[in-house]
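Written out below as structure tokens is the structure these notes cover.
Letters A, B, C and D name the chains as they come in the text, with residue numbers starting at 1 for each one.
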Amino acid sequence: MSTAIFKPRPEQVAQESDGTVSNYLNASFSIRSWLLTVDHKRIAILYLISISAMFFLGGIFAMLIRMELLTPAGDLMQSETYNKMFTMHGVVMVFFFLIPATPAVFGNFLLPLMIGAKDLAFPRLNLLSWYLYTAGALLAIGSIVFGGVDTGWTFYTPYSTTYANSNVILAALGAFIAGFSSILTGLNFIVTIHKMRAPGLTWFKMPLFVWGHYATSIIQVLGTPVVAITIILVALERLFHIGIFNPELGGDPILFQHLFWFYSHPAVYIMILPAMGVISEVITCFSKKKVFGYEFIALSSMAIALLGFLVWGHHMYTSGQSTYASLVFSVLTFLVAIPSAIKVFNWTATLYKGSVSYDAPMLYAIGFLGLFTIGGLTGVFLATLAVDVHVHDTYFIVAHFHYIMVGGSIMGYMAALHFWWPKITGRLYPEGWARFSALIIFIGFNLTFFPQFVVGYLGMPRRYHIYPEEFQIWNVFSTAGSSILGIGYLIPLIYLIWSLKSGPKASPNPWNAKGLEWERCPSPPPTHNFDHTPVVIEEAYAYEHKIWIK
Amino acid sequence: MSHHVVPLKTYYTIFFALLALTAITVAVAFLDLGALNDVVAMGIASTKASLVILFFMHVKYSSKLTWVAIIGGIIFLAILLIIILSDYMTRGADTFPQAW
Amino acid sequence: MGDIAFFPEQASTLAGQVDLLYFFLIAVSVFFALLIFSLIYLFAVRYRRRSEDDVPKEISGLLKLEILWSVIPLILVLFVFGWGATLYFDAYNPPKDAMEIYVVGKQWMWYIQHPTGQREINKLHIPVNKPVKLTMATEDVIHSFYVPAFRVKKDVVPGMYTTMWFNAIKTGEYHLFCAEYCGTKHSQMIGTVVVMEQADYQKWLSGNDSNEPLSVTGEKKFQQLACHTCHKDKANGRGPSLVGIFGKQAQLQNGQIITVDEDYIRKSILNPGDDVIAGYKPVMPTFQGQISEVGLLQITAYIKSLANSGSK
Amino acid sequence: MSAKNTALQHHFNDLDQQYQASQLGMWAFLVQELLFFGGLFAGYVVYRNLYPEAWTLGSHELDVSLGSTNTAILILSSLTMAMAVYWAQKGQKTKLVLFLVATLILGCSFLGIKVIEYSHKVQHHLLPGNGFSFDSPLADQVRIFFSFYFAMTGMHAFHMIVGAGILIWLIVQAMKGRYTAEYNTPIEMFGLYWHFVDVVWIYLFPLLYLIGRN
């Protein structure tokens, strides 16, 4: 019986009738056709490769940090090097993995398919976005090679502008250019969703994946430019000492924090909203049920996007910002927590009276639900003024945002990777290994980050190379967990690449899912997506209706 | 597919209105109105800006979506300016009444 | 030390209240987390897929339920907001009678200056059950004075004084950390806060009374920098008389009324042209870069001592 | 008409959908630019509140006559740009090219005046950085005014230079008869960009040149 679970079910494997119809992958094999492609599906593959590379680069920095923190003394590396490790871990993971991950890979690939369009609104702009991303990534890698940057991914002034002597400008420019890639992707999605929906596809019939990306794109377009100009001002200040952020010349370092967090808090919603879109798709498909409260989930994505711009000050409660402003930010932060809570309740209610199956994507989705709930609840701790005064800049904060970013955003990314892998590559991944890796990642994650809540409340500050002995036990748990987590992420890399060559060929709809990308085009889809533009007649996730077979 | 074509005459009237407003704003700047100077300067600048946006950029005749985009952008710019200013304005008021 | 720590000591009046709020939040979070996890587990097991072609009943949503789980969390969080805000006010509004201590953060060490003259590095001796107010400045980048056992933390921002206060209720030695990343040795910018009984504290004070009170050093620096040539005791000098002005209201040239506090004195020494007192010309030269933060604290202490002792 | 389908890109159903997509894309881009300049305006607002006297001193160093002529030039270039769009919609190629060239000339003369102003500032050691000197106790704060002056007008001039470059490309395309009454979207989109740059200057002029002139 056990092997049966891990063998692909008959309807998952491609029948002979599908034959080797030409698709976007075997349309042509020349390097030029890949590097100059304007097909949104190929650009998504380019992003998948470059993003996975940056993810593992960031992961290496994470492992080095955790190894250093195994012992209270700073015995693995100098403090100078350690500061560069956590800075580069932050910069690579935030700007080059979490922000682009789900939108650039799955948004690019699936958005046109889900709304019945032939491609995104501006295909050439889409390719430009990938080149901007790659240029930014190369600049960041350049700053690592030339000696790294040690200001923390937040580049706080006046340290980053006056006192740091590492290549701050190189890393900041990398983030600046990658920011424009994010802006152009967001712009592309907004126009595509508004203007290129298939006939019959009204706003409230669209899949929630599309709603999630619409809300994300609004944040990308409205938030990223403010950090772009802030990075330019930091570079000007560092090169010419123009005095804007330098207190000796009359500048105010807290202004930098305001401008930086105006973008960087909505940026965390850029990271989580696409993952939420993925979770809505996966949970409905694997419980074979319409999502519970469709409008509430869709509108709470928009509420998060808009309210997300009002709350950045909760990063600055102890920064010398006025008490009045902290009060206002605290109230608004509590308001933005409500839509996230609504989403979690709605996803849980979707399982009720469903027919739940535990394929790998569903395991990741349930993992997301659990970890995102803990992440969200600890966020309430940080919104509370009095508690944040104690835990600000300690490992409690590190644990909170890793629960949201790794537990939420990356679990959602892995769910998407496994759920749409047959559609993207036309191959089935080994189900057994996938479930095993999901379990390992879940265990490794909790062992890594839950002890950090404890040591955080004990008062261990962030970014510490050396710490008092009584915190060691929690750091040993955390380092042990991180090695399990590291292995957990390597396993999918192996079996997914393995499946490219020798995985069984996938049928157009291996999960019997609803959605244009499953019902109306083969896997992998042809370059022009649909032979004739589909007409949408049914609600989203109408699992009571017959599944279309292309 | 002629998107709304604005007659030349409108362009000329808007052009002269903009020049006149520029002259006014420069003239008013030299009068001593105290704090009112900034308010007047911004008022005139906003009228000029809305003239350019409505007529030169055809927004007066464009779809509602364009209006939503513009007003959305202005609202988010206002959020940035007002909330940052609210911090600086209340810096001195840290000693709140203990009665809280 | 060296054994396993599970929970930080509660060594200040604030610590108990913050922990109470913290436990309340844990209780609420555990309740909601368990509620959600058990529901997920229940539904996932109860409604697991028995055969490939069973078609579940379609439920598109329930408005009442949606409102329920929006309003209840809203009320809960607003209650938590209120509780957190009141504690925040206590934490960041020092009582009037608090004992003043000056702290200067310098790249990678804490320099602590008692008004009675004692100077310490990375060490802070304070009496138990006595509110202590710290006025903090930094010579270079942003640091953050953080004592986990007191549950208080405040960034030290260059260009302005930041203040915080605590009232230690348990004697002993507690960790002092720098919580805002400030460069290479950020993790070595640590120290200990030693809370002593009143008697031991007096003995410690007299033990190392090696140097004179802060205000005396301040007066020497005031003379040495020739401030007294313009700021005379009576109001007949080119600058306003500084006798008895600390803490009082003063009118600026542009009619604005400000209170003369440490921040105003510091800003007027570094940017004299900025807020000039009404009736005086902006002729005072800037002392930017000539006086260290410690020197500024000494002069401020001297001007404060002029406030209550009348003309010297 | 052959021009019609060559201009229509494969993934759009018809030219109107393509036009609406381009227009929405352009407006999203302009909203993003608004926030980009917004960061600078936020810094301006904060520092003008912190150091009002220094900013008045700094503003008095600026030449109002040059500033207002520049404003007039930019408004005129907005007019010529709008007329270029008008004639593009009418399909009159020669008039279109004429007004595009006029807009280019006006844009370049605006930049010319900026070069004059900047060189005047550099001679008077008002360029922020080590060379900056200003004889007043508020020298540091006046330096912050000038760093915002150069950051804002510099970023605006950069947008003008990029605009001029695109303008040249459009003129070449227009001369080749690429734009007809049916298909002139690039001209109209560039018009939106040019008017946006003009709107930014409409705010920059009073905020920088006309502070405390009484």
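Rule of thumb we're sticking to: a contact is a pair of C-beta atoms (placed from the backbone, for glycine too) under 8 Å apart; a residue touches a chain by one contact, two chains touch by 3 or more.
Predicted model only: the values in this text are computed from it and were never measured.
> Where the contacts of chain A and chain D overlap, which chains show up?
B, C
> Report the chain ID whose CA centroid sits closest to the centroid of the full protein CA set.
Given all protein C-alpha atoms shown, the central chain works out to be A.
> Of every pair of chains, which is linked by the largest number of C-beta contacts?
Per chain pair, the contact count peaks at A-C.
> Any idea how many Å lie between the Cα centroids of chain A and chain B?
Here the centre of chain B sits 37 Å away from the centre of chain A.
> Measure off the straight-line distance from the CA centroid of chain B to the CA centroid of chain D, and report it in whole Å.
Those two chain centres are 16 Å apart.
> If you average the CA atoms of chain C and of chain D, how many Å lie between those two points?
45
> Using CA atom averages as chain centres, what separation in Å is found between chain B and chain C?
40
> Multi-chain contacts only, two chains or more: what residues does chain D have there?
Chain D, residues with two or more chain partners: 20, 24, 28, 31, 35, 38-39, 42, 46, 50-51, 140-141.
> Check each residue of chain B and list the ones that touch at least two other chains.
Each of 65, 72-73, 76, 80, 84, 88, 94, 96 in chain B touches at least two other chains.
> Which chain C residues sit where two or more other chains touch them?
89, 92-93, 271, 288 - these are the residues of chain C that touch more than one other chain.
> Which residues of chain B touch chain A in the complex?
65, 72-73, 76, 79-80, 83-84, 86-88, 90-91, 93-94, 96
> Considering the complex alone, what residue numbers of chain A touch chain C?
Per the stated touch rule, the residues are 9, 74, 79-80, 83, 150-152, 156, 158-159, 162-164, 247-248, 250-254, 287-290, 292-296, 317-320, 323, 326-327, 330-331, 334-335, 337-338, 341-342, 344-346, 348-349, 351-358, 366, 369-370, 373-374, 377-378, 380-381, 383-390, 392-394, 454, 457-459, 461-471, 473, 512, 539, 542-544.
> In their complex, what parts of chain D are in touch with chain C?
Residues of chain D touching chain C: 51, 53, 136-138, 140-141.
> Under the definition above, what is the set of chain B residues touching chain D in their complex?
The contact residues of chain B facing chain D are 1-3, 5-6, 8, 11-12, 14-15, 18-19, 22-23, 25-26, 29-33, 37, 41-42, 44-45, 48-49, 52-53, 55-57, 62-63, 65-66, 69-70, 72-74, 76-77, 80-81, 84-85, 88-89.
> Can you list the chain D residues touching chain A in their complex?
It comes out as residues 9-13, 17, 20-21, 24-25, 28-29, 31-33, 35-40, 42-43, 46-47, 50-51, 128-130, 140-141, 143-144, 147-148, 150-151, 155.
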